[in-house]
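What follows is a set of structures to go through.
Shared chain: subunit A. Partners: subunit B in the first complex, subunit C in the second.
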Partner chain A sequence: MAVAKEDIAGAHSGVAPVTHAHEYGSIGRWLVAPALIFAIVVTQVPFVYTLYYSTFRYNLLRPERRKFVGLENYRRILTDDVVFRDALVNTFLFTFAAVIISLLLGLFYAELVNHRFPGRGIVRTMLITPFLVMPVAGALGWKNMMMDPDFGVINWLIRAVQPGSGSWNPVWLAHYPRQSIVIMLVWRWAPFMMLILLAGMQSIDEEVREAARVDGASPVQEFIGITLPHLYRFMQLGALLGTVYIVQEVDQIFMTTQGGPGTLTTNLPYYVYETAIRGSQVGRGAAIGVVVVILTIIAMTVLLRLLDRMLRSSYAGG
Partner chain B sequence: MRRKALAVLAVLALLMPMFLAIGGMSAVRAQDASPGASPAVDTSISGELNVAMVANPQMVALQKLAPEFQKIYPNIKLNLLVLPENEVRDRIRTDVSTQAGQFDVVTIGMFEAADYAKQGWSLDVGTPLQADPNYDYQDIFPAMVSALSGDDGKLYAAPFYGESSMVFYRKDLFQAAGLTMPDKPTWDDIQGFAQKLHKPDSGQYGICLRGLPGWGEQGAPLTSVINAFGGRWFDENWKSQLASDKSAKAIKFYTDLVKNYGEPSATTSGFTECENLFIQGKVAMWYDATSAADLLADPKQNPQAANTGFAYQPTEEIGSGWLWAWAFAIEAKTKHQDAALAFVKWATSKDYVNLVANQLGWGSVPSGVRASTYADAGYKEYGKSFADLVLSIIQAQDPTKCCVDAVPYKGLQFVGVPEFVTLGDQVTKELANVIAGNESSDDAIKKIDDMANSWAKDNGYQ
Partner chain C sequence: MQAAKRPAISIPTRRHPSGARKEGAPVAWAILAWVVGLIVFFPAFYIVATGFKSEATAVQLPPKFIPIPGHPDLGWFNQFIFDPTLEQYREVKSRGFVPFFENSIIASLLSTAIVLVLAVPAAYALALRPMKHWKDILFFFISTKFMPPAGIIIPLYIIFKNAHLLNTIQGLVIMYTAMNLPIAIWMLRSFFEEVPRDIIDAARVDGAGIFREMIEILVPMVGPGIAATAFLSMIFAWNEFFFAVNLVATEKAATVPLFMQKFITSEGLFWAKLSAASTMAIAPVVILGWISQRQLVRGLSMGAVK
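Right, the complex of A and B next:
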């Protein structure tokens, strides 16, 4: 399966409005050519290879059985691959839940540190830290230090506050595996949302707030009437970037549940890893990858269109 | 519209790297050789050698001793890549099967050795090792040699350390409960003990068994229980036998045992987690690899060392354990064959065992491979509570005979064909769902039986 890495800068240059390109004329076009060619070589050539491999039955460990099978891999994935369907549902659930909760929590964090108070710098740094911790290390911490039924802080707290013998000792990663993964994702991505929303809050003109206050607005009215409308665009950006990144999260699953129990925590990236890398089934893995890309294009187009509409209506409203 | 298209493209580009290199790796380069007074300096062999190893304690010890290798071979530049097991397995498998040639020497196990040999991906190491009288090839346990040999009978990976499986238990807890562990317990005995010693309210569990999905994690003890109960994964025609009476009984037994009397975190517990629970005094018994004995007998590493008892792997219809060795194979594409062979010979020699014993102590020695280790007075003294037992367990294993009935594959705790990884992972995930209490074992057994049959069809066995 093709592997391509693209810097985040690619997204910004792509999402940013391309307004004045014509003013630079044809020389400008030639100047971008090296970057464009590089981008094509790095991202599209592997993709073409992926398309090619997806038409083969090809297990790396059994090269003698390699055979062209046409669209058979796709037929299998779309018709009788139960794990794929589960993975699709899980990916949607994880992404949707994690983005929404991260946004709300991020909004709360941002509102919190937007006000001046002693030690604000330290609090802000501490809130951002989860995003800076290596995902693998963070996941290990969650598994062994937080969610472990014997040694974990969460269960220790539950036992401590529970009246009586304390018989409720939930095993998070076994009994609530999906919720646990979402918790880990939110822990990691809420700070990211906070950063974006905080930037938005700090760009609000203080005079506007002051005017509202002079007019007798309460802090809640100020938040709903001024801060929130101003933040819409930032929230949209957060939701978009969050979706793009959370869809591909795999570290937490790899480090904690290995996709189990059952298929409850197998998401699409983990399923591709399981098939192509662990199972060495290059053809099947490539086909899954292609289907994922197509589904992502559809989902992203819908999402972008929705955001666009929201953006326009919020302009109209403001 | 163009803007949107561009945005979609950009988003796509971001999504491409789905296969994240899972982090936490540590590339380690051995220190440059300092000119020492070693008598047997060999300057005739040179070249740069890339070695990929599993980050088990025995390999970490080797990493520490790499300067000693450099003293003998100052002209070889040794690069050691030491990574956690799940990760290094993926990288080694990909490197070997695509013949990418990133590594010269890799650690592989019995699961891979014969197959890599058949594909021509690894070199015969047995012939040159046999030719060296100092290496003492005959000293290596025959079961290890046989399980690491190709179909042509030649050795394709030199065993570094080996293991079978056994029961560890807490003598103090057994005594307090008035129980005695027989030398050769049955699985029914184990269940009875687990039931009596399971006191979850006071944070003490009857037994630790691996429940973490993965053919090499939960798959290993599970398969040894299936075999012990007289079951098997497949019959001679590759028809799944997981739902047969005996296999189903074994699977139900295993999942029930963990669910009822095992550690609560079973579905996320593998070797390391169980080792930790045992050392922390949380479990009364633990069924796992014999290589853990060396560590559990060490009071510095295990506070329960004095109270740790060792017993034979449990039997039911037959005794069934596992057999595994981490072994060094040389990739066929290597450009530094002499240097690679020099390294493999050094790391798997008797002299290396003595070197580890002298420098790091007997607890760090790679055991389970050479008879001479078990004959050494120093090791006998260190391992007086377990060494003889481990020796007899390893010698009793026959990698060609796993089950009561005939099977079309090799391997004791796995089905010895390369595609088994996929099936083993799927099946153990499903059973983790049973252990978690989300699914009944009868439903799961039906499901995994179907999985096994469709896997066999997909891969051309049925």
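Right, the complex of A and C next:
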């Protein structure tokens, strides 16, 4: 946790901002207070309620049978809930795969448009677009017009280029549901990574590059030796923000697979939704929600620490 | 599109006035970039194109994606050409799209305005008026983003019901403000930190009061950062689905994503109509994003710039 805090708040600021704190006394506190109070009321109050409900057996359809059960909901989730385990695995897979692939692809997009060529602005605009498309609309487009086995563009292309009988005609969302979800997530989030990495690339000191080129560095050497080390903080930021948003991704699953087939694409947020809202099991849903919050905070802290170590060791001195 | 053609996004440390990093890339690079750009763009483009088709054309293969009126003979390309029609847009409009659109605009603009009102002073204080535990406060804001909306949706539903906020735009505005506040504070704080200390010290020596210092001196300097924050907040609010679907059941406050959802459940799968609705749903934010891409690049990365 301490590491996360340092990374988010402190590390880049260099000098600790302590100037003039004495002169103005508590003015800073008054300026932060409205935002702080708003955030506490709107996010923490419901969370406290969630904690409270998580200790009840509470089915909205039979409210009269509401009963305090202590930690029973948690015990059941952690010991004999197969769907929870599947959802946990899926959440990890989706987030891990989508963040890593989006980062790499975003790096590629950014490098592409970081060179001068005719129409560069148009290409950059095209590459950013998926991030702007409403997830609900984008998911419907992918599910139908792109991935439909009979009328979709992808399978049309596969059939067109397949030699011979052309018998491979996958039903994407049924045969490759997890991959399909990751494809949609990456389509949406790689442009976001590009936005972040592009600014990183353009903040590189051009003199350093020139010096490297004078020394006879090849473009690949220049990329590995100068660009990547410089980008490490930007990649860290991308991984952090990407994880925060992708862990919670529920719109695309809602609009495409509804968690199926079976539980293959049920992630934790969707499982909470299914349990609490569709299944009316408020207590259990709340308990899952609490577990998700705790897991997310742990995961973010571990991730930040890992990334930091990884990047620092491979680009020491960068 | 004007903005899109401007050269590189610049950030303060850039050395070359061109902003471009190399003198010029080889032709192969340009071709690769264009091919990748077109592939990535295609699904979005195809949604828009399909909205201008008849239902029969929408499911035809090879996929038709070049809208040209009349039936010109372009040889091999003929198989991809279709005759555009506005039929689907009339249909979608007649299903009452406009009120959803208005609700979305109110919810995104209002929540973004409140986000800025709350976040600008907070970010200013966190950057330049340090108090005890300022790192903990910043971390608290960020950590509210770690909570999945699904985790609090049931209590929220019950609280909203008791407070008569269910099925209201005000309710959505509150949630969207809370949703965007942490990232806004974080981004804005980085911008305030970029302001050279000398300028602030000079203002203070002049005896500028705290509000003059903030509003007359700092806000203009971090203007682009405030714009970027506002754009991002609007994009997230406009596209938000989960709170809307759970906290709004009537059309009085329903937003565009709910129109999409209602549309597929009530209409079944008519691709052309669906695509026309999608196009209207995504257009405002896509265009806003295109125009503001330079600010977005700068704004999102400020947290990482030393």
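Following the convention adopted for this analysis, the second predicted complex is superposed on the first by the 284 of 318 C-alpha atoms of A that agree within 3 Å, B and C clash if a C-alpha of one lies under 4 Å from a C-alpha of the other, contacts with A are read in each partner's own complex, and residues count from 1 in each chain.
Heads up, the rule we're going with is that a contact is a pair of C-beta atoms (placed from the backbone, for glycine too) under 8 Å apart; a residue touches a chain by one contact, two chains touch by 3 or more.
If you're wondering where the values come from, they're calculated on a predicted model, not measured in any experiment.
Undergrad: Once the shared chain is lined up, is A:V247 touching subunit B (first), subunit C (second), both, or neither of them?
TA: The answer is both, since A:V247 touches subunit B and subunit C.
Undergrad: Once the structures are superposed on A, label A:L78 by its partner contacts, choosing first (subunit B), second (subunit C), both or neither.
TA: Once the two structures are laid over each other on A, A:L78 reaches no partner at all.
Undergrad: According to the stated criteria, A:A174 is in contact with first (subunit B), second (subunit C), both, or neither; which is it?
TA: After superposition on chain A, A:A174 lies in contact with subunit B alone.
Undergrad: Applying the touch criterion given at the start, work out whether A:V302 contacts subunit B, subunit C, both or neither, answering first, second, both or neither.
TA: neither
Undergrad: Using the touch definition from the top, say if A:P63 reaches subunit B (first), subunit C (second), both or neither.
TA: After superposition on chain A, A:P63 lies in contact with subunit B alone.
Undergrad: Applying the document's definition of touch, where does A:A211 land relative to subunit B and subunit C: first, second, both, or neither?
TA: Touch partners of A:A211: none, neither subunit B nor subunit C.
Undergrad: According to the stated criteria, A:G260 is in contact with first (subunit B), second (subunit C), both, or neither; which is it?
TA: first
Undergrad: Just subunit B (first), just subunit C (second), both, or neither: which does A:F117 touch?
TA: So A:F117 only meets subunit C here.
Undergrad: On subunit A, which partner's contacts cover more residues, subunit B's or subunit C's?
TA: Of subunit B and subunit C, C contacts more residues of subunit A.
Undergrad: Contact-wise, after the overlay, does A:P149 reach subunit B, subunit C, both or neither (first, second, both, neither)?
TA: In the superposed model, A:P149 contacts subunit B only, not subunit C.
Undergrad: Looking at subunit A, which of its residues have contacts with both subunit B and subunit C?
TA: Subunit A residues touching both partners: 4-6, 8, 10, 13-14, 17-18, 39, 43, 46-47, 134-137, 151, 244, 247-248, 250-251, 254, 268-269, 272-273, 276-277, 289, 292-293, 296-297, 300.
Undergrad: Could you list, by residue number, the parts of subunit A that touch subunit C in their complex?
TA: 4-6, 8-10, 12-14, 16-21, 23-24, 26-29, 31-32, 34-36, 38-39, 42-47, 49-50, 52-53, 108-109, 112-138, 140-142, 144-146, 151, 153, 156, 160, 187, 190-192, 195-196, 198-207, 209, 233-234, 236-237, 241, 244, 247-248, 250-251, 254-255, 268-270, 272-273, 276-277, 282, 285-286, 288-290, 292-293, 296-297, 300
Undergrad: So in the complex, which bits of subunit A are touching subunit B?
TA: On the subunit A side, the touching residues are 1-6, 8, 10-11, 13-15, 17-18, 39, 43, 46-47, 59-63, 65, 83, 134-137, 143, 148-151, 165, 167, 169, 171, 173-175, 177, 244-245, 247-248, 250-251, 254, 256-264, 266, 268-269, 272-281, 289, 292-293, 296-297, 300-301, 304-305, 308.
Undergrad: Applying the document's contact rule, which stretches of subunit C touch subunit A when the two form their complex?
TA: 1, 4-16, 18-25, 29-30, 32-34, 36-38, 40-44, 46-47, 50, 59, 61-63, 118-119, 121-122, 124-131, 134-156, 158-159, 174-175, 177-178, 181-183, 185-186, 190, 193, 197, 201, 204, 210, 235, 238-239, 241-242, 245-246, 256-257, 260-261, 264, 269, 271, 274-275, 277-278, 281-282, 285-286, 288-290, 293, 296-298, 300-301, 303-306
Undergrad: Would you tell me which residues of subunit B are touching subunit A in their complex?
TA: Residues in contact with subunit A: 2-4, 6-20, 22-24, 86, 90, 93-94, 97-98, 115, 119, 200-201, 203, 212-214, 217, 263-268, 277, 280, 282, 418-419, 421-422, 425-426, 428-430, 432-439, 459-460.
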